[in-house]
Amino acid sequence: MIKAERAQDPGIGSSFERPLDRLVDKDGSFRVQRTGGISGLREGFIALATMPIARLVVTFVCGYLGMNLVFGSLYMLIGVQHLGNADLTSLGGKWMSAIGMSVQTLTTVGYGSLYPNSPSTWTLAAVEGVFGILGFSLISAVIYARFARPTTRLAYCEQALIAPFKDGWSLQVRLANKRSTLLVEVEARMLMVMADVDEHGERLNYYNLKLQLDKVSFLPLSWTVVHPITAESPLAGLSYEELVARRAEVIILLKGIDEGYMQQVLTRHSFRYDEMVWGGRFIRAFSSSNGAMRLDLGKLSDHTLVQAPERLPKD
Amino acid sequence: MIKAERAQDPGIGSSFERPLDRLVDKDGSFRVQRTGGISGLREGFIALATMPIARLVVTFVCGYLGMNLVFGSLYMLIGVQHLGNADLTSLGGKWMSAIGMSVQTLTTVGYGSLYPNSPSTWTLAAVEGVFGILGFSLISAVIYARFARPTTRLAYCEQALIAPFKDGWSLQVRLANKRSTLLVEVEARMLMVMADVDEHGERLNYYNLKLQLDKVSFLPLSWTVVHPITAESPLAGLSYEELVARRAEVIILLKGIDEGYMQQVLTRHSFRYDEMVWGGRFIRAFSSSNGAMRLDLGKLSDHTLVQAPERLPKD
Amino acid sequence: MIKAERAQDPGIGSSFERPLDRLVDKDGSFRVQRTGGISGLREGFIALATMPIARLVVTFVCGYLGMNLVFGSLYMLIGVQHLGNADLTSLGGKWMSAIGMSVQTLTTVGYGSLYPNSPSTWTLAAVEGVFGILGFSLISAVIYARFARPTTRLAYCEQALIAPFKDGWSLQVRLANKRSTLLVEVEARMLMVMADVDEHGERLNYYNLKLQLDKVSFLPLSWTVVHPITAESPLAGLSYEELVARRAEVIILLKGIDEGYMQQVLTRHSFRYDEMVWGGRFIRAFSSSNGAMRLDLGKLSDHTLVQAPERLPKD
Amino acid sequence: MIKAERAQDPGIGSSFERPLDRLVDKDGSFRVQRTGGISGLREGFIALATMPIARLVVTFVCGYLGMNLVFGSLYMLIGVQHLGNADLTSLGGKWMSAIGMSVQTLTTVGYGSLYPNSPSTWTLAAVEGVFGILGFSLISAVIYARFARPTTRLAYCEQALIAPFKDGWSLQVRLANKRSTLLVEVEARMLMVMADVDEHGERLNYYNLKLQLDKVSFLPLSWTVVHPITAESPLAGLSYEELVARRAEVIILLKGIDEGYMQQVLTRHSFRYDEMVWGGRFIRAFSSSNGAMRLDLGKLSDHTLVQAPERLPKD
């Protein structure tokens, strides 16, 4: 029925023994479980550099408390009598001395109200001082790495629209930059995936969706990416029920340069059949006031419903 | 009247209910007010990394004083008697001890003339030491981020010139690199925006201006970007009054590679109708002496006035 | 015999007086011994930033111990009596004081149980403090540099296969990303090198191998790179014995963008004549389960053997 | 006489009132004196990050001594009696106490054998501690910046050769990578500048020199860049005397990707008329031994002299 030219597999694979839920998640990642991959220090560093800030703080606090506990225990094990000025009168005092010694060494503050006075405690202090410096260096590197890399956050409309366009219909998606740094030389590409499901699993078909405008020089406001549904479109002649049956998924790829970092960024987003509106028209999200442009990101998904034909036109 | 081909909207939008003041500011930024964007830690970091140095110093000094005040007050709250060696004889002495304790902990100097001698002060010191280390790490990261990223500073002439060129006329803009690092593989693009203003607001028309030379291999000296006004130019046949009436704005986009950082840079600049000289000729800004080239950035805007026709030629 | 068009020397050189073992090692590096190159601080830094983690730890521990030994000896040389509070009762006590002084200075902990009390020891302490700070700064920079740079780790099948493809045969290589960061816009290129060896040494011939698909948009799973053996292929009409005799080596070049770092990466891999299977078929390494894709990197080399003709078809 | 097509000015300028010595220096920089440029903190940072290592060490040592002298003097000015434990018995002792106080604060070691005991000294210590931390942070950033950026060092032959090539002649330049990191996807471009000098100054003519091979995939060994002198070459029909009279300068531009940093690098080099050999042939600089390639950078300029015609052939 569809005569649109198929695109080559973009590297995802085209046949699976069981149907996939969706190819691309809303955050742009692929749902892939990997076994046999590397999970070394670098992966740990990347995990720290990319985890949510709250989890990073918890991780860090636990690490800091843990280190002090470990080294404090070691001072206790060696014997607090090997620390100058230690409070030896009670177990509580001993622990306070041991933990205090650890704190002032790990942070390299070194008040000196407590100090090593035997080879064993000097050695432990020499080790802990290094752990402190290197640990905090690592934390600094993590902090820096979190900010030194551009991480584009694009806001997408919640639903793709089958929208009127000129004399016919189109598939429309609206997006805008959530961050305040400017994106320039932005290129968009739309890919449609439709599955043929049978008892052997699912076979995926990929189609490129031709865009009315696939490149803008700047992205200070919102951008509506439009795929006009012509006779060559894989959507031509389709009904909503067929989209559902064939588990249609529209993947949008965006490439641009983040001016704040002067570095290329790439993002992906996906709209599944149940995230499409069969007949809608976006309401403008930007305006002008006092001679300046004004963009309201909260309005990005706003649209009015319009009546769409049951089947999209074939020509 | 104008038969020049329109360019596609470069991503700014082409109709606004109220006229815009100008699209691109003199510093190359777009005047956009955004609501609903992200304003998280990253935005704070970028703000620190890009704010003027004087404001950064003030921010930092206030932060440092504030931190010492907060932690000093906390030591006061806990009671300075929990610090070894504290001066308990007077309120001034107590405050000096509390603030001094905070200073030596925050900077991790730790003289030890004052020191924690209770679980509560050890805990506070353990927290403050970490705040100190992380705070200064952040400052280091900010310092590094300020310098690690190329920020091209191009000097532009103050006014674009309608200048004689060969047998006809041209629109000329002159620019040079303010920094001492070299720009290479520099590409220029000129865009003209003219508005149709009516009671419904303003409709923007975009035109690409063809350049005589749109790429240079190096930019050690000044570069005069020239748009020859031929019959195809959107400027052909226009008078200065029409430029004003249509709120003409010339946007120049520059792309190049900063050799000091080996990274691509992008800049923008704009000349509004009131920043154009109707008849002028640039005076050379560079010369040679002792076998070397010599560039005087102070002369970049220097030009002599020449008589231009009321209306630019149509062919 | 072979009519395939030769490719130009890709920069390796095409005649050597003695045969080369292989051009590209399994880790993608070229086997080149260089004399007269630079070996400065930068090379040392790069060595630290790229050496295996275990060796880095050993290097660091030795450096730290060495520094403390050197500075400890210097304090002994000056005389420990110039340190306040030093234990002068025995040689062991003197050494403990000297080493302890060094430790607390190098780590900038500075307990102060020992302290300089003469111009000579103050000077030495001033020097050692700086060494400590700069040394640990360097270590921090090394740690950061290890993680800040994308280092793609691609898993390749152990052997290239001469595999059935459509109605004929092909050369196939399978690869996948070992890291969890995604590679996008991946381009592959295959190059074949065959030598003519005679008494004057060896003459290398380079051939580009045309690929069925040389670009994928994403690489979340495994990718089988296929060179169909058509009449134009340099492999057409060849037998395995000729591959061995001509010391055939297939070099595969991969270019892509690492999404975790948003930076371009380049890798190389090579399969020598003795790493090719004359007749094999890859067993799929990915599947789907619970609606998600699943990749098993351990299966990347898995293949079944098939019967291949003695000589590859000529058309 | 020369019918070769002129290239457009690559951005250097084409007329000067007095002759230039040379356009591009042997280190690839342009000889430009600039007035009116920016000379802010960034330029200072770049200066530190790019100056020779010996000068950086001297700068750093002077800065460190200077800081200690300044803060030591300030402690003297305030009065050393405001420091706990200070040696007040002699002027030398006072100075030792002041300088020692500064040293332990600036390095944040903080032995505490000396300590602030008045608001004035606490304030000064609070300031100096911050100066210390930030100063050393800056030094760390400089160290990191020195290594984090690829700085290609290409070795070029000392003289360009007019060398036999096939049945005719060519202009040849040989180069190799001095660093151990690999350059890939290397592109070369050759530009020739010849001047017409008269009483009004000098007018420069630019010509592109067509290369036999302008791109190599890898650069593990040496590469001889060859411009064959055909009838279209600007060198066709020229004699050495004309090269001298017209102050010929050959500029070679190299672009590639540094695999160690995965970043693009650009370099330039220039050969003036007095750095050309009229008749020479390069002696090979690489060989093979034990199955590996071997490159001797010391042989890069080695050539034998051959007899060249007085005038290069015209066709």
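As written, the chain order gives the labels A, B, C and D, with residue 1 at the start of each chain.
Note that contacts are C-beta pairs under 8 Å (C-beta built on N, C-alpha and C of every residue); 3 or more make two chains touch, one makes a residue touch a chain.
Keep in mind that what you see is a predicted model, and the values were worked out from it rather than measured.
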| item | value |
| --- | --- |
| Copies chain B and chain D touch via same or different residues, half shared test | different |
| Reference chain D; chain at largest CA-centroid distance | A |
| Rigid-body rotation angle, chain C and chain A, from Cα fit (steps of 5°) | 90 |
| Rounded Å distance between chain B and chain D, as computed from the means of their C-alpha atoms | 28 |
| Chain A and chain D: spacing of chain centres that average the CA atoms, whole Å | 39 |
| Chain D: positions in contact with at least two other chains | 104, 108-112, 140, 144, 148, 263 |
| Chain B-facing residues of chain A, complex | 53, 64, 68, 96, 99-100, 103-104, 107-113, 136, 139-140, 143-144, 146-148, 151, 153, 155, 178-182, 184-186, 213, 216-221, 223, 257, 259-263, 286-298, 300 |
| Interfacial residue positions of chain D with respect to chain B in the complex | 8-13, 16-22, 29-43, 45-46, 49, 84, 104-105, 108-112, 114-119, 122, 125-126, 129-130, 132-134, 137-138, 140-141, 144-145, 148-150, 191, 201-202, 253, 263-266 |
| Chain B contact footprint on chain C (complex, rising order) | 108-112 |
